[in-house]
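Single-structure report; data block below.
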Amino acid sequence: MVNLNRRCPSGIVGLDELIEGGFPRQRSILLSGTCGSGKTTFAVQFLYKGITEYNEPGILISLEQDPRELKEDMAAFGFDLQKEEDQGKLIIIDASLARAGTSRMDSSITSSRMFSEQLAGSRSLMPDEFNIDRILDLVVEDAGRIGAKRVALDSLPALEFLMGNQNETEMRHSIRQLLISINYRLKNAGLTTMLITEIPEEGPRISSAHGVESYVADGAINMYYTTMGMESGRNMIIRKMRGTAHSEDVHPLAFKRGVGIQVMKHV
Amino acid sequence: MVNLNRRCPSGIVGLDELIEGGFPRQRSILLSGTCGSGKTTFAVQFLYKGITEYNEPGILISLEQDPRELKEDMAAFGFDLQKEEDQGKLIIIDASLARAGTSRMDSSITSSRMFSEQLAGSRSLMPDEFNIDRILDLVVEDAGRIGAKRVALDSLPALEFLMGNQNETEMRHSIRQLLISINYRLKNAGLTTMLITEIPEEGPRISSAHGVESYVADGAINMYYTTMGMESGRNMIIRKMRGTAHSEDVHPLAFKRGVGIQVMKHV
Amino acid sequence: MVNLNRRCPSGIVGLDELIEGGFPRQRSILLSGTCGSGKTTFAVQFLYKGITEYNEPGILISLEQDPRELKEDMAAFGFDLQKEEDQGKLIIIDASLARAGTSRMDSSITSSRMFSEQLAGSRSLMPDEFNIDRILDLVVEDAGRIGAKRVALDSLPALEFLMGNQNETEMRHSIRQLLISINYRLKNAGLTTMLITEIPEEGPRISSAHGVESYVADGAINMYYTTMGMESGRNMIIRKMRGTAHSEDVHPLAFKRGVGIQVMKHV
Amino acid sequence: MVNLNRRCPSGIVGLDELIEGGFPRQRSILLSGTCGSGKTTFAVQFLYKGITEYNEPGILISLEQDPRELKEDMAAFGFDLQKEEDQGKLIIIDASLARAGTSRMDSSITSSRMFSEQLAGSRSLMPDEFNIDRILDLVVEDAGRIGAKRVALDSLPALEFLMGNQNETEMRHSIRQLLISINYRLKNAGLTTMLITEIPEEGPRISSAHGVESYVADGAINMYYTTMGMESGRNMIIRKMRGTAHSEDVHPLAFKRGVGIQVMKHV
Amino acid sequence: MVNLNRRCPSGIVGLDELIEGGFPRQRSILLSGTCGSGKTTFAVQFLYKGITEYNEPGILISLEQDPRELKEDMAAFGFDLQKEEDQGKLIIIDASLARAGTSRMDSSITSSRMFSEQLAGSRSLMPDEFNIDRILDLVVEDAGRIGAKRVALDSLPALEFLMGNQNETEMRHSIRQLLISINYRLKNAGLTTMLITEIPEEGPRISSAHGVESYVADGAINMYYTTMGMESGRNMIIRKMRGTAHSEDVHPLAFKRGVGIQVMKHV
Amino acid sequence: MVNLNRRCPSGIVGLDELIEGGFPRQRSILLSGTCGSGKTTFAVQFLYKGITEYNEPGILISLEQDPRELKEDMAAFGFDLQKEEDQGKLIIIDASLARAGTSRMDSSITSSRMFSEQLAGSRSLMPDEFNIDRILDLVVEDAGRIGAKRVALDSLPALEFLMGNQNETEMRHSIRQLLISINYRLKNAGLTTMLITEIPEEGPRISSAHGVESYVADGAINMYYTTMGMESGRNMIIRKMRGTAHSEDVHPLAFKRGVGIQVMKHV
C-alpha cells in the first residue's frame, strides 16, 4: 500500500511500480531527453494525471512553447488542459513569448491575449518581468492560491538562453546556483518538482547538458531513442531516485493517442 | 479522413501516412541532413506539390543556390518551377547572389537579370538589402499577395554566414533569437514553415548544428546516408512531430526522375 | 585474522574479503561514480556500520544534500542516522545550505534549525563560515571530541563550485593542492577518509573528473552502470588499494532495503 | 544518348555511367580525399581526357606541386601533359613556387624557367602576384584564349595557407566567401570546375575540412582508403550531384599504369 | 650470457628475458600506467632487487607519496626498504611533503622527522628547496656517495604541479626541456633511470600525458587494466627499447605478496 | 630492371618490390610512426644500406638522440655507423645536444668531443648555431663535399620544439613554410629525403601530427603497432608514393638483429 504522504504517483502508466509507488514527495526529478523523446508530454502528463486522478493541482512553467500550441498538441493524448485551467486546477505560466524579445510583436494582440488568459488564472509574462526570481515568486504565490502539489519547468536550457554570454565554466557555475535556488524555493513551497532538460546525444548514460543538473536533483530519468537497423523507438531509464529501490533496466515507451505515455516492461 | 485545416500534406510520397496525414499547420519543421542527402529536393517538393496537388501557393527563400541552377536541377524530378512562378503560385526570393558580396560582378548583367525575374514575381535581393528582417518582411508581404500557405528557407547555415565573426556561444545565442523571430513571424502569417539545416555527421541521432535549432521547431526530420560494406543509401527518420503520433522507424528514401522523393517502408 | 589496527573494515557486505580485510587505516579512499550509482549510500554505510558494528564513531561532511533529506533516504536502507547522532557517535557537518548563498532564506527558520541540530552535536555552517579550512578545523576538533575513526566527504565537485571561476588548468592545480591539504590533516587526525567524486562517463576506466584526484588517494573504487540490451545494473571495481592485494574484477552491486549495498561475486 | 551540352564526361573510366553521362556542365565538383587517395591523378585525368577524348581544352591551377614533378608523376599513367601544353590545349598555372616565399631561391634559375614555360603557354606566378583574384583573372583570360571548358584547382587547403593567421571561425567565413567568388567567376567563364580538398579522416562520410566547402559545390565526390585486416584499398563515393540521379554506393578504384583511375563495380 | 656492463637487469620476474637480459645501461626508461596499475611497485622493485640481487645501490625520488607510507605499502611485497636505507644502499629523497605547501604543518614535528631520516641517509626537502635543479644536484651527489647505479622518479606529473599555471603548449615545451635536462644529468652520473608517469586512458597505445615524454626516453613500458566482461586484470607492453630486440606482445602481470610483480607469458 | 637514375632503392628488405624498385629520386618521403614503431631504425637503414649496397653517401640530421647512443643502438642491427663516418661516407649532424639549452654542461667535455667528431667529418652544433637555415646550409655543403645522395631528418616534432610558443594555427602555418623550405633546398641539392615524424595514435590512417606534413611530401609511409588480444606487432602501410604504382596493403615488419627491418608479405 503506497503512502501518498511520502510518494507522489507519477501519472505515467507503468512507472510507479518501478519506483515504490511514485516519486518521493517534495523532491525534484530531473527529466532529461534528446530531441523528440517526449519530455514535454511526460511532464504535462505528470501534472494532468495529478489533477484528474489524484486531485493534486499543478503548475506548468513554459519557457519553450506557446501555451496555445501546447494545449493543441496535448489534446492528441486526451489531455484537456484548458478545462483544468478553467476550473482553477492548472496554472500555466507563459514565459515563452517574453523570452523572444521580439520587438515587432503587435502589442494590442499581446495585451488582449494576456487579459483573456489572466481570467483563466494563467499568466503571460511581460518581457521586462522575465527573470527566474520573478517566476519563482509567481509559482509560490499561485501554488498557495490553488493548493498546488506539483510543478514542472519546461525547460532548463531556455534558462541558459536568458543568462546572456557566459563561457562554459561561468555557465556551469550559474546553472548550479540557479538550480539550488529553484530547488530550495519549490521544495519549501511543498511542491514535487519536475525539471526538463534536453541533451544532445542518445543513450542511457548522459543525463544533463552541463554535468551539474543531476547533482541537485533527487531523481533522474533519461528518455532516449535507440535504433537497431531500421527500427527505432523511445526508451526510459531511471538513473537515480534517492531513498527508493528502483528498476535499473531500460524500459521501452509507448505514446498512445488518448492515453499518453506508457512504460513497457521488456520481455 | 485527414482534416486539411489542421494537417498540411507534405507532398512527399509515403510520408503523410507516417504523420497522421501531414505536418501540423502553421507550425515549423526542421529538415536536417548531411551533404547530398536531398534536403533541397525535399523542401522544393513540399512547395511544388503544395501548389500542384493542393492548390496552396508557396515561397522559397534561397540563400544557397542560384534560382536558375535550382530550376534546372529540379526539372530532373519533373518539377517545373518556372511555370508555377509564371502563374504567380510560387515566389522565389533570391538571396544567393547578394550574400556573395562579390565586388567584381558585372552590374549590367545583374540588373537585367533582376528585371526579368521581377516580371515573374520573384525577387533578387540587392547586397545592401540582405538581412533577415528585410527577408521576413518580403515573405509576409508576398504571402499575403499570392495567398501562400507554405514557405521553405534553404538554409539556416547560410544565415550563420551573415552574422560575421562570433564565438560558438554568441552564435548559439544569436541563432536561437533568430529562429524564435522567424518562427513568430511566419506562423503569424499563416504559413507552415520548413527550415533546412546541414549537419556534419551521419546517423539518425543528430538533428542540428548548434543544438538549439530543434528547441524552436515543432517537428524535426533527419535525412542521412548509411553505408553497409559497399552499399550505401539515403534514409529518413522523423525525430519529433508535436501533437502527432508518428513513425519512429528509419525509412529508406528513393529519388526518382520525374517523381521526386519517395519514402519507402522497410520490410 | 584481520589486524584491525592496520585494516579498517568497510561495512559494505562482501567487500572486505576482496581487500585483505578492509581499507588500510589512516589512508584516503577515492570513491568515484556516475549519477545515481549509489556513492552517497556507500559512504554513509561505511560510517554507519563503522559505528554499529565496530564501535568507531564517524563524521559526515555533507556538501551536497540537506541532512534531513539524507536521513530520510538512508532510512530506506535501515540506517538510523538520527539515533547515532543523538548518541554522539555520528556528527554531520552540514555545508549544504551554506553553499547555496540563497539570500531569500528565512533567517528565523535557519537559526532555530541550527539550534536544534547543535544540541544533537551536528553543525550547520553559516554562509560566511564556508571554506575548506574552517571545515577541516571542525572535523579535527569533532573527531577528537567523539573519538572518530572515519570521515566521509560528499562530495569533491561541490568544492569546485566554491572555487569560483577558474580555467581548467587553474582548477586542476587548486584541486590538487586542496586534496593534499585535506589528506594531510585528516590522516594526521587518525582518520580513515572516504572522498566522493562524480564522474560524467560510464565504465570501469575513469576514476576522477580532473585527473588529479587519484594521485593523492591511497585507494580508488569506481561505481558505474552497465547496460546490455534492455538490462542494466550497477557495478564496482577496485582500481587501486595501496599495500593491498585486491580483486581486479568487476563486481555487481545489489542495493537492498534494510540492508544497504552488497558486493556480489560474479559467477 | 548523353547530351554533351548538359553533361561533361568525367574522363574517369566507369564513372560517367554512375552520374547520367557526366558532370553537370558549368557547375563545380568538390573532390575530397585523404592523403594518398589519388585526388591529383583524378583531377589531371579529368583535364587530360577532356583534351584527348572530347577535344575540350583545360586549365590546371597547381598550388601544391611543382609542374615539372607533376608531369613526371603523370607520365606513369600515360598522361603526356607536356605534349598537350605544347599544342596549346592545356595551361598549367604554377602557383606552387610562389607560395613558398623562399627568400633563398636563385633568381636566375627561376627567371629562365619561367621564360621557357611561358613559351609553352603556361605560367609561373611571381611571389608578389600570388593572390586568388590574380589567379582567377588569369584563368578567365587563358580560358578565353584557348577555349577551355574545364578547370581544376589543386588544392583548396593551400589557399588556407595563404590567408595567414585566422581562428577557425574567421577561416570558415573567409573560405566560404572565397569559394563563392571562385564559383561565380569560373562558372561565368563557361567552365566546369573541379576543386580538390584534403580531409584528415578516412571513411565515406566526411567531405570537407571546414564543413563549408560542400555547401557551395554542385557535386561532391569522396576518395578514401579502407582497411580490412591486412588488405587495404582506395574507394570512391558520390555524395552529391545536383540534378543527377547518381549511384549511392561505394566503388573501389583501380590505379593502372598507362591507363589512370578506373571506377570498379562491386560484385 | 648477459653482459652486465651493457644490460641492467630489471628485477621484475620474467621481464629480462623479453628485453635481452635487462634495460640498456645509462639509459632512461619511461614507465607509464593508469591509476592503480602498479607503477610505484614496479619502480621500487627495480631499485630493491637491484640492491638485494645485484648489489647496485639506488635512489628513489618520491614526489607523490610520503616515504613512511610507501615503506608500509612495500612491506606487503616483502620489500624491506628501511633495512636497505639503514645499510646505506638506498636513499629516498622525500619531496612529497615539500610540495604540499601546507602552511599549517607543525614545524617541530617536521624538523625532528627530518633529523631522524637524515641519520639514515635519506632526505626530506624543505619547501624552499623544492625545484628540480636542487633535486638533481642531490641525486648526483648522493649517487657518488653510495655508488648508486639506479634511480627512479615518482612521478613526472607531480613536476607539472610545480610549474604553476601554464597553458598546454607552454607545459609541453617546459616538460620537454625538463626531461632533456633530467636525462642529461642522470645519464652522465652513470645511472640507469626510471621515470614514472600516469596516463588517463586504458589500453596498450598511449604512453605519455603530454606526448613529449616518450621522445626523450630510450625505453617505454606501458601498464594498464583490461576488462573483459566482469573479469579484469593488469597488463604490460614494451613499446620501445632502443638497441634491443624486445617482445612486442601484451603480457599479463601478477602482483604477489612477498614476491612483487611478475610478468606472465600468455598461452 | 629498375632504373637507378629514377628510383632510389630503400635498403629495407622487401620494400622495393612494393614501390616499383625504390623511392622516386630527389623527392621527399614522410615516415610517420608512433612511439617505438622503429622510425629511426628505418631511416638509418635507408642511409646505411645506401652506402654499403649502392655506394651512395648519406647525411643524418639528428635532432633527437645523441649520436653516440644512436651508434650503440644501431650496432644491434649490424649497422656500423662509425666505420662509414670514418670513411667519409656518412655525416651525422648532431643538433641533439644543442637543443637542450642545458646551462650546466661541462664546456671542456663538450669541446673535446666536438673536436674528435669533427675529425671524423661529423658535426656537433653549438647552441647558438641551432636553426633550420644553418642546418640546411650545412647539409647542402656536406652533401657536395661527400657526394651524398640521401638525407634523413630525425625528427620533425623536434623542430616544433624550437619554434617556441605558438598556437596550433600558427604552428601549422610555420611547419608548412618550414617543410616547403626544407623540401626545396634538399631536392635542389640532388638529395632523396626522408623526414621522420611521430604521431600519437595507432592505426593505418593517420600520417602526420599537424595535418600539413603530408601535403608537401611526395611519399608517405606509416609505421604502427596493432594489438589483437595479447599479441601485438609492428606494421607498415604505404599511404602515398607519387608517380608510383604501390602496394595499398598493410605489411607486417620484422626487426632482426644483424639484419635490420624486413617488410613481410601477409599470407
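In this document, chain identifiers A, B, C, D, E and F correspond to the written order of the chains, with residue numbering beginning at 1 in each.
To be clear about the criterion, a residue touches a chain if its C-beta (ideal position, glycine included) is under 8 Å from a C-beta of that chain, and two chains touch if they have at least 3 such contacts.
None of the values given here were measured: they were computed from a predicted structure.
Shared contact partners of chain A and chain F are absent; no chain touches both. Within the contact network of the assembly, the step distance from chain A to chain D comes to 2.
For the pair chain D and chain F, the CA-based superposition corresponds to a rotation of 60 degrees in steps of 5.
A centroid comparison over C-alpha atoms places D as the chain most distant from chain C. Here the CA centre of chain A is 31 Å from the CA centre of chain C. Centroids built from CA atoms put chain E at 54 Å from chain A.
Averaged Cα coordinates give chain B a centre that lies 63 Å from the centre of chain E. In chain C, no residue reaches two or more other chains under the touch definition. Interchain contacts close the chains into one ring where each touches exactly two others, per the touch definition above. Think of the chains as beads on a loop: from chain C toward chain E, the beads read C, E, F, D, B, A. For chain E in complex with chain F, the residues that touch the partner chain are 24, 27, 169-170, 173, 176-177, 180-181, 184-185, 204-208, 211, 214-215, 218, 220, 235, 237-245, 248-252, 266. Interface residues of chain B, counted against chain D in their complex, comprise 34-36, 64-65, 69, 72-76, 99-102, 104-105, 155, 157-158, 161, 164-168, 198, 200-202, 225, 227, 229-234, 255-257.
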